[in-house]
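Each of the next two complexes has subunit A plus one more chain, namely subunit B in the first and subunit C in the second.
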Partner chain A sequence: MPTSPAIAGSAGPFFLSAKDQKVLGWLAVFLFTAGCIALSGRIAWLGSYPEVLILPIVEWINQAEDVIVATTKPFFRAIAWLLDHPMTWVRDILHWLPWPALMLFAGAVSYRAGGWTLALFTVLGLGYMLVIGYWEEGMNSLSLVAISVPLAVLVGFTIGIWGFVSRPAERIIMPTLDVLQTVPAFAYLLPILILFGFGPVVGLIASVLYSFAPMVRNTIVGLRNVAPDIIDSGLMSGATRRQLFWRVRVPTGLRQLLLGVNQTTMASLSMVIVASIIGGTSDIGWEVLSTMRKAQFGESLLAGIVIALMAMILDRVTNGLATRRDETAGGQTWILRNRFWVIALGATLAVALVGRIVPILMTYPETWVVSPAGPMNDFITWFVVNFQPAIKEIKRISLFYAMLPLKIGLAQTVSPFTWGFVWTGNHMAITVAGLALLAFAGFRKFGVNAAAAIAIAGCLFLFGITELPWPALVAVFTMIAYRLGGTSLALGVFAGLMFLLVSGAWEKTMLSLWLCGIAVIVAFVAGSALGIWAAHSNHVSRIMRPVNDTLQTMPLFVILIPIVMVFKIGEFTALLAIIAYAYVPAFRYAEHGLRNVPNDVVEAARSMGCTPNQLLWRVKLPLALPNIMLGLNQTIMYAIAMLVIAALVGTNGLGQQVYIGLSKGDVGIGLVAGAGMAIIAIMADRMCQAARRRLEAPDQA
Partner chain B sequence: MGSIPVPSRWKCVATAAGVAFASMSGVIGPASADIPESDNPIKIAVNEWTGQHISAHIAGAVLAEMGYSVEFITAGALPQFQAIAQGELHVQPEVWTNSVSDIYPKAIESGDIVNLGLLGLQPQEGWIYPPYMAEKCPGLPDFNALYECTQAFATSETFPNGRLVTYPADWGTRSKDVVEAIGLPFTPVPGGSEGAMVAEIDSAIATGDPILIMFWQPHWLFAVHDLEWVQWNDADGECVEETQTREMACGFQQATVDKIVSGTATEEWPGAVRLLGHFTLTNAEHNHMINEIDQNKRALEDVVQEWMGKNQDTWKSWISASM
Partner chain C sequence: MTSQSQVKLRCRNVWMVYGSNPGRYFQSDDHRNATDSFIGKLRDEGFIPAAIDVNFDLLSGEIFAIMGLSGSGKSTVVRCLSRLVEPTFGEVILDGENLLEASDRELIEIRRHKMGMVFQNFGLLPHLTVFENIAFPLSLQKIQDSELRVQVERVIELVGLEGRESSFPRQLSGGQQQRVGIARSLAVEPEIWFLDEPFSALDPLIRKQMQDEFLRIQQLLHKSIVFITHDFLEALRVADRMAIMRDGRIVQIGTPQELVFAPADDYVAQFTSEVPRIRVLTAGQIVEPIMDAIVDDTRAMPVAPMDLPVEDLLPQLARHPSGVLVKGTDGDVLGIVTPDGVIRSLSGVNRASASPISLPDPV
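Showing the complex of A and B:
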């Protein structure tokens, strides 16, 4: 970000000007870093955090868990037993319903939510499930969602009300939600399994835990944003507190609440696959996992699309119901007012009864199942065979010139085999001098921040993030946090990093950070660029929308197989998988931001003679910047969330630790790794928010 | 096919549980005629791979012949031990003892899980390669050849070392231990997951790329591709992975495939547990059925029914021995 003295802010406590303080601060950090690097060869604890200072946090967690399980197990088992029944009922009903009946009913609901187009989409989507042969599995997955969403909405709404009425409660709730949403579900699968016992209920609980957070957030926002004059008019007409809440606030905030329901539904559905790791029902998630285990790309993609379609339908329907204008149907009696639903339900029931008698309507004949999986698998093989040289070259270049230097540093990467020459002290001296010059030039032209950014990038490239001494990294991260968000953010980041150190997760975290960092940069740049393109071309926008939707809703296990086929097991493949998932928010926010630039501003700029290029870079992008930053924030969150799944193609970071915990039955290992990911995610989120605040209100920075 | 003996030439020392199995039928008590003892369904765990589906469904089919009601429940290979120990699942006829969670030994000790001994499958684990690698590295299958032809197995990520794809990190570090112990110039790369490993092999064979990968059998992959095993020296007693040397390299300690039931099952359905004690399958039977299902796309139920039809004498003898 370009900085001028005017932005630098108020004077500090010392006699130095704010700008001088900033320069000195950075200089101190870099001198410290240089010192650490120079001494790390001689002082062992600089290079790697001393093991005696690692606290046995993993053991503590496990001991605590033993106590908790021993004392509370009957209670949790009772809950599991209670939840099991409604789940079985819903599953039985869904299996009892003949497929045309469910299609009819779903079509009617969709029509209500979004007209004929949506109804057609829903029916076609369900038809796909039928034709491809995954109806039964689909119904099992649907029954999980059908129970988990109301439960999550109820829990979320209740907690949301609590947070709305009590500020102290909100202060506890908000960080807890952050943790719940950033700790990967795999990490808390094991404790849930031990507490609640084996079976579909475990998936249900995991799903509720993961998906109630958006409901809480939307409830608090929805209830709080009710305009004061509406409250006043409610008070004037003599409403009691209770009436004021249920009759005034809740209906006025309904749209926001329904948005929460929508987000909760999507989150819940994304847990379907995680839930099936445990097993207990043969649902779509199980199908995806089993086919993935056999590396049957075609089959797993077909199963994955079922989940994607279910997600899209539920998303459009809940969204449609949330934004729909209420046209009150005329009529005197209840039946007349609700005639649409009466007819829809009646027709469904009628079709169901007929369907129970006619066998073809009850179960779709197996011989009619169409599966194009074979040709899809053949295509991947054909692609791999025919594009092999190009594929290898792409991988080689990315590894040698970007990934390896950032991981272990140039000095260790450069060799006759990789770059074609031997790395010597002279090379090092020249590179350092060049970087110093570049940083100085950046300082003269753009200010301290640019110089610091260049220096940090240079350090990472020269020494590699896994090789840099930990005190130096702690200092650099804390300094960035301080510059972005002041003392409190710096303290938070420092505390988070210290937890990673004392819990012994530092090395794994740096590996994850490395992989995520590269993925975020590529995903953000590529996603934003594509988003900008889509903002200017309706064609691109229309083509990319289903692609994005699919990538966001389909279980990503599915895309791992083809990427492995093409690029082989290893970190490069993991990187690609993360990028494929994490570019989507960057794309969406960039497109959204650009499309929402006020038209009169654009017109004004045009009439002043801006070229299209100037229009984009000088007018539209700066105006869309807050949105683009939000995209960056989300991209980081998505990349971290994907780490656990990427571990399935062979990585060494925190994601892998989660599986090791799961396979050893060790709750502590998994939770510490999960906490590590949550810490990176929350730190990154807070830094992004701070950066965004500065962008939106630069004068107060 | 008559009764199938427990393989006698076992590479590793039989586990204590396996020995206990030999006297199993005597342990459980006198045969009773009132079978089934209870009408509650016996819940059989179904894991993620086809071979286990076959073992589970044949066990279920024979139990059903005896009059038990059975139910198949999908269960993750690791979470299932929790469930079996707590009696929420009752039978798992195919447990690979090298991939069990820490809960398993504890549950065996406390009696929450009872090991009924060997299923009869003879597993093999080690490093495999496609035959075209033998052309690039003529000394194979002897492991000593790997020292000479590192280059043939090298990739841009591992250069100058050869690349060895190992089991996923959460399955332990055995290949890495062996590589380090015998000083082999190979870089172990964790395989991530079974699917990724299979995809890797498929892709390498399609393009003729070099590959050396840790794998196991019985596995359906051997029905699809021609694959060779790296040969090791014979182990002097038990093969210890971490401490072998190049001169004495014996490769890997071999796993066993055991049948387990929950402790509660031995009380509720002693007859069923006796039957499972007799239940055995062989590699050949398994490979044939896996191939029928995964490659010839036949339904699991069909293939199991066919086995039941062909092997009436076998399973009837198990039943009569268990009544």
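Showing the complex of A and C:
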């Protein structure tokens, strides 16, 4: 670690070098931690944060909510009433349309977006919905998406323009979007429910609120990134401000705007599915959830596949339309230019009219429905029964040798039943001494940071994150933040942690942090390793791409289904689900980073006689490190997003609190837990960014 | 250029200083003469003077090249002239009116009718076809379809893009794209034509072709042109007069010949030293009086115009080793050029005095 004279001169007592300061800082933190641990048995408030110091934030929120609801209810109910109408219309249209007409139209749009393959995929996907018997439910969900996407795009585009025009506005908009996107969607379902009333309209509003953010971002980027030459040429062509905006900027940035529409659509679908947890609407999300609760995994999986198919079709189609290159010349008249759409709409209408007359085309006959749910359930039962020992063994090993020690510490985990011996003071002494030696060796070889990392990992394993005294954890986290991003980041992290303490969410947060942390480590290591492999093998890359695409486009809780089927509910299942979702960005960024290492550098290294191993570790990985760090950052974000969903299958922690709030109708609990998750997410994000900045410009950090 | 040319555009004491509110430094007379101490003060306080006290006149129908390396301020100057950037100080007088005082509305009108501009990276709109791109400035003015079509077809023919009307820019080569850019800038029949490094993004061979094309178009249209380039040879090829810029200042203005044979300072001399004189030198500059002894032979000699570069004279000299006659713009024979004379002048040796040749008086 290069020490720059700037740091040495800028902070701390003048007689200490920067390196000495660092060492002393960490030593102080660890002495403090050791002190806390030693005293926590005697001083109760060190072990757990004293309840008298917890502010009744939950009650405050609930009181405020009562007032707000009382005063603004008519207003919000009016909005709900207004939105209810277009929603009903779209739903009626979708139900009025005979299924062949919708298939034809969807096929035509898909053909336009991605050629025959996509058209075939879309028609087959819709066919699956029909044959398996989920057409009604699918259409109900689709009608919500169909109305929420235009609304979200409109809202997002308008706000985006505002942010584009005014820099001060942008400075307000961006952090607000950060918060909107990191607070788990469940947390604001309840306030919406209370303000807007019951019913599908809640799903719609939640969906709009959740999905307009990417549109804002893409609008600002799209409008801003138009090449200066193009703007100048527009000006020199004599464009007025209005003409410059609508005829130069918007069409030139259109591709970015359409990518915004794509992201908005995906977010909207995902939220529509999540919102079905409220129930009361017979949509496809509810179908998955209710069958999963009844342990009818066959049905659940079949319905989950419908969602996955819908997501994939919507993604491919919107993405295809966004990136499509129009190679055909424009015709002379409007009809000629748009002949494709004229014909497609005409044909759809014709088929619709015929379909209204022929009953089979109108509603798919019930007797034709083929549902393999029964045999599937039988198979799952058979599988679980036959592989019971193996499944149990996997769960047992990961629980006792990794998950539990990190949660409550080795001292409480190790027992004759689990590890085969009794944990004694001697064991503790030997382990601590070993760790201290290891940390010292790490310090000699790699420096302070390595030693600190070893010491932190050791503390976590020995004592467990939920058992470590809170002042020690606050000190460690703040110190890490200070090392990564300086005083301001340290202050931010400290404030965030204090909020968690004061609001009484600390214990639940630590549980969430524990689960999330393990998931992130596994997902990041496995994802990066796979990504590195894929960067060196086109074969692996080709096989993994559709897998990753599918995992990323699928609404989150579909991922749960197969895992719950095998491992039943519990924390281990939640962990696997989080890993399954969160490894994808680690994979992608690692592959991208390695594949984009400049070729001339690789050639130079080869010509110097690098072995493939040296090439990877000493050339490619260091160069790809910023990208890999970006992958870590995203992995953390994904893990936190999945954490709430995973709480559906039984975890303790903030995710569970959000559900408790939702089921009890307690806005305060839900919002505090949601805010807690947002705080973790934002802290983790800022720390990752700080780390990346240090990597990219080590001399300026 | 013997006729009394009119000044089309006058650039007077134009300054462009980047930074927050540099205008306050121009309220007093400190900036007069653009002293080094004044510039130094600006730089010290974090301002970036991109154009420093720029003065020149653009004559009607001439090609005025501004040549400079990257960062010398040449692009800034042309953007000040078109008001794509607002100059910090100075006047840009177009047909007697100060452009910098024009309202937004007036400026748009001026750009719609009097100015055309060509950009280094073409600045084509990716979502429009070639035809629609060229028609774009006209369609902004809501010109009728039939009239617009006539105008667009005229410039498409002018730049030789027939048959590509319905292609999209990305389907064209760089040279073709710049033809679209040129056609678009000419569609409104501008009086002043700004070309900002129009050929710099092109391959050398295409660049040469496009320069020829450009000169051909100018022969037909006689626009008043400001041509920005970082390529000294390109400037020599196209310019009637040229300015050399360095660190935001114009260091010399003159005809290509003046710059080559009388560089104002070492900086300009660095560029000119690389220039093959044979390209710059014209027949008129090395013409010698006809000696009585060989006067009989002159009837069989070919006649060349006085502004013909010596390079192009060589093939004729090869065929007629005894010499080529040179005639002035009024048609009178000025004298004779002989292979000996060419060798002497290229090597910089005068026959009589054995000293470097001197220039005839500029216009």
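A few remarks follow.
What we mean here is this: the second predicted complex is superposed on the first by the 608 of 701 C-alpha atoms of A that agree within 3 Å, B and C clash if a C-alpha of one lies under 4 Å from a C-alpha of the other, contacts with A are read in each partner's own complex, and residues count from 1 in each chain.
We adopt the following convention: a contact is a pair of C-beta atoms (placed from the backbone, for glycine too) under 8 Å apart; a residue touches a chain by one contact, two chains touch by 3 or more.
It should be emphasised that the depicted structure is a prediction, and the values quoted were computed from it without experimental measurement.
Three-chain overlay on subunit A, with subunit B and subunit C fitting side by side and no clash. In the overlay built on the shared chain, the residue A:Thr240 is in contact with subunit C alone; subunit B does not reach it.
In the superposed model, A:Asp232 makes contact with subunit C only, not with subunit B. Of the two partner chains placed by superposition, only subunit B is touched by A:Leu399; subunit C is not.
In the superposition on chain A, A:Lys568 makes contact with subunit B only, while subunit C stays out of contact range.
After superposition on chain A, the vertex angle at the CA centre of subunit A, spanning the CA centres of subunit B and subunit C, is 150 degrees to the nearest 10. Comparing subunit B with subunit C, more residues of subunit A are touched by B.
Contact with subunit B, but none with subunit C, is seen for A:Trp286 once the two complexes are overlaid on the shared chain. Judged by the touch definition given at the top, the superposed model places A:Trp116 against neither subunit B nor subunit C.
Contact with neither subunit B nor subunit C is seen for A:Trp341 once the two complexes are overlaid on the shared chain. Put simply, the nearest alpha carbons of subunit B and subunit C end up 47 Å apart when the two models share chain A. Looking at subunit A, you'll find no residue that touches subunit B in one structure and subunit C in the other. Subunit C makes touch with subunit A in their complex at residues 79, 82, 84, 108-109, 111-113, 115-117, 119-129, 132, 136-137, 140-141, 166-168, 170-171, 181, 184-185, 188, 194. Of all residues in subunit A, those touching subunit B in their complex are 193-194, 197-199, 276-282, 286, 289-290, 292-295, 297, 381, 384-385, 388, 392, 395-396, 399-400, 417-418, 557, 560-562, 564-566, 568-570, 572, 647-652, 656, 659-660, 662-666. Contacts from subunit A toward subunit C in the complex involve residues 227, 229-230, 232-240, 243, 247-248, 251-252, 254, 325-327, 329-330. Those residues of subunit B lying in contact with subunit A across their complex are 45-46, 48-50, 73-76, 78-83, 86, 88-89, 99, 101-103, 155-157, 159-160, 165, 168-171, 189-200, 202-204, 206-207, 209, 220, 294.
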